[in-house]
Amino acid sequence: MGQEAISLFQLNQKIKGVLDDALLHSLWVKAEIGELRVNRNGHCYLDLVEKDDFTDQLIARSRAMIWAQNYRMLKAYFESTTGQSLNTGLKVLIKVTVQFQEVFGLSLIITDIDPSYTMGDLARKRREVLMRLEEEGVLEMNKELELPSVIQKIAIISSPTAAGYGDFVNQLENNPYGVKFYHQIFSAIMQGEKAEQSIAGAFEKVFEYVDFFDAVVLIRGGGATIDLLCFDSYWVAYHISQFPLPVITGIGHERDESVADMVANEALKTPTAVAAFLIERAGQFLDFIDEKALLMTEMARDFILQEKRRTEQIAASYVPGVKMDLQRRSNRLERLIGKFPVSASLRIGEENGRLNRVKESVMHAGGQIIKGQKIALQHFRQNLLYLPGHKLANEHQKMRFLENTVRLNDPVNLLNKGYSLTYHNGKLVKRVAEVKQGDVINTRFCDGELSGKVEAVNVKNKK
Amino acid sequence: MAQKKQTYNQAIAEIEEILDKMENEELDVDELSDKVKRVSELVRFCRTKLKNTEEEVEKVLKEMEE
Amino acid sequence: MAQKKQTYNQAIAEIEEILDKMENEELDVDELSDKVKRVSELVRFCRTKLKNTEEEVEKVLKEMEE
Amino acid sequence: MAQKKQTYNQAIAEIEEILDKMENEELDVDELSDKVKRVSELVRFCRTKLKNTEEEVEKVLKEMEE
Amino acid sequence: MAQKKQTYNQAIAEIEEILDKMENEELDVDELSDKVKRVSELVRFCRTKLKNTEEEVEKVLKEMEE
Amino acid sequence: MAQKKQTYNQAIAEIEEILDKMENEELDVDELSDKVKRVSELVRFCRTKLKNTEEEVEKVLKEMEE
Amino acid sequence: MAQKKQTYNQAIAEIEEILDKMENEELDVDELSDKVKRVSELVRFCRTKLKNTEEEVEKVLKEMEE
């Protein structure tokens, strides 16, 4: 086939020409660092990737590099700002110029980096982890465990070769209180991609001896690197929070707390601080015990002293008390006895008075009766003096009246006044008709009698 | 009639009887002066009795006052 | 009537009866002096009785004071 | 009345009854001297009783003081 | 009353009751002399009891001080 | 009462009860000497108990301080 | 109480309970020496446990390393 062809170089030259014409420089690009290595000359070569947010599948990939001179500057700037080393897995916002070289192909030259983007991304990730832990209800679980008064048996999760671990153990063993600490290292990789899994594995080992240990200490073995991403990871945090023993962290970080610190029972800055904390706690306990022992000693002595005083006080007070009681009773009795003759003689005196009053009453009432009777008798006497005389006077008057009446009726008195009485045959003549002519009649006068014959009889007409 | 036994009251009764008759003119003039005499006698008797009684009473009262 | 058994009260009652009759002129002249005598006697009896009683009371009171 | 069984209170009650009657003049002169005698007797009884009681009190007090 | 079972307090109470009655004239003179005797008895009982108790107490106290 | 089982507190309580009664005159004189004896006994018991306790406690404290 | 199983916290709790009672004077003199002994024991237990090497624990740690 005699088809016309161009050489690869020609092709690459053409691509280079197209790309140069496209002016793809000083573009801000978001990407994830897939791989990062620095060569002998200090140039940094990266593999930038982009993954689908949901499927996590690779959707773009490109090589990139930072010139050594630029890299030193950018790295320092990035690390001092974010507190993170520029490393695999970080999402970065970088200023790139697209470069195409005939030999090396396409490459992105990184000229600048914006650390705030990475920080935002890291913070978001941390938030996501925390939210997930919270949703699962394990966020506070380790914090809720009670830290024993003395943490004597310690499981250490650390890198055994790290200087931090050695210092930590040294510090514990030479504590000023002479407390005996028991510790066992459960080694783990404390940085890099494998750290997460390694730490989780160490926790699982400790879990086998969970009844033995008092607490777990998670310390980072030191070193210059500040790659702490693993301590923000979900699995590490998940293991810490769910662990049945209290976890104390001493990871050593300068910036924000890591998620591991947040879920740990106690978070301290450094392994040294953790050792000091443990020693201090044991020391406090010793002090506490000694203090209590002293307090008890004082209280026991005080108590006994107090009771002794009380008993002696009772012993001292009840004797006078009894005597006072007896005295009181005696006084009361004597008072009663003293009142007795007074009461008795008062009573007798009252009765005497009463009897004396009887005499007066007798005198008064008896005299009254006799006086009354005397008056009655006097009255009788007066009536007696008056009444018979009165009666007699009445009778005298009656006599005089009777006498008068008789005197008035005496015929002698009539004769004396000139009246006369005529008799016929010795019989008083009261009617003219009683006599006839020729009858002899006698008429009596006061000083004698006349005798004669009736010459005529004149009867008066009827009245 | 035994005068001793005659009481003042009987005497007064007799006097009053006689006076009654006199007033009712039941008495004859013939009886009249007899009766007048009787009354006179009775009155005297009464007076004497009264006097005696009076004296006796006086005496008793005198004694009482002593 | 046995005077010994006569009480002061009876005596007073009799006196009052007689005096009542006197006042109401229920007494005859014939009875008068007798009754006056009786009253006099009764009064004397009462007086004596009173006097005795008075003396007795005095005596008793004297005794009481001793 | 058996004097032995008579109590002071009974005696006082009797005295008061008699005095009441006296004051209300419910007593006859006939009873008066008897009752006065009775009162005198009762008073004497009461006094004796009081005196005895007084002596007893004195005696008891003497004994108490020993 | 069986004196053995009588307590001091009862005795004092009885004395006070009797004195109260005396003062409030609730006691008959008839009871008075009996009660006076009773008080005398009670007082003697109380005194003896007090004296004995005092001695016993002294004895106990002596023993304790040894 | 079995003294063995008696506690110090019971003893103190009993003493105080007795002293209270004494002060409030609720105790009869009859009980008094018995109660005084009882208090004496209890005080002696308390003293002994306190002494023993003190010795025991001091011993323990000495040991602890070593 | 099995000493092996006793924790510092339990020891502390017990000590504090006893001291609380002491402070509130809920302790009898009778109990005092027992309680003092107990606290002394607990204090000694805590001190020993804190400061001395426990072979058993060491052994377990050894086994862990293998």
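Which chain is which? They are A, B, C, D, E, F and G, in the order written, and residues in each are numbered from 1.
Methods note: a residue touches a chain if its C-beta (ideal position, glycine included) is under 8 Å from a C-beta of that chain, and two chains touch if they have at least 3 such contacts.
Given the structure is predicted, the values throughout are model-derived calculations rather than measurements.
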>> Report the chain whose CA-based centre is farthest from the CA-based centre of chain E.
In response: B
> Which chain pair racks up the highest number of C-beta contacts?
Replying inline: A-G
>> If you average the CA coordinates per chain, which chain's centre is most distant from that of chain C?
In response: G
> Counting in whole Å, what is the centre-to-centre distance of chain B and chain G, each centre being its mean C-alpha position?
Replying inline: 155
>> For chain D versus chain F, what separation do you get between their C-alpha means, in angstrom?
In response: 65
> Cα centroid separation between chain D and chain E, in whole Å?
Replying inline: 33
> Got the chain A residues that touch at least 2 other chains?
Replying inline: 293, 300, 304, 307, 322, 326, 329, 337, 340, 344, 348, 351, 359, 362, 366, 370, 373, 381, 384, 388, 392, 395
> On chain B, where are the residues touching two or more other chains?
Replying inline: 8, 50, 53, 57, 61, 64
> Name the touching chain pairs, would you?
Replying inline: A-B, A-C, A-D, A-E, A-F, A-G, B-C, C-D, D-E, E-F, F-G
> Which residues of chain B touch chain C in the complex?
Replying inline: 7-9, 49-50, 53, 56-57, 60-61, 63-64
>> So in the complex, the part of chain F that touches chain A is made up of which residues?
In response: 8, 12, 15-16, 19, 22-23, 25, 27, 29, 32, 36, 39, 43, 46-47, 50, 53-54, 57, 61, 64-65
> Which positions of chain A touch chain F when the two form their complex?
Replying inline: 293, 297, 300-301, 304, 307-308, 310-311, 314-315, 317-318, 321-322, 325-326, 328-329
> In the complex of these two chains, what residues of chain A are touching chain C?
Replying inline: 359, 362-363, 366-367, 370, 373-374, 376-377, 380-381, 383-384, 387-388, 391-392, 394-395
> Which chain A residues qualify as touching chain E in the complex?
Replying inline: 319, 322-323, 326, 329-330, 332-333, 336-337, 339-340, 343-344, 346-348, 350-351
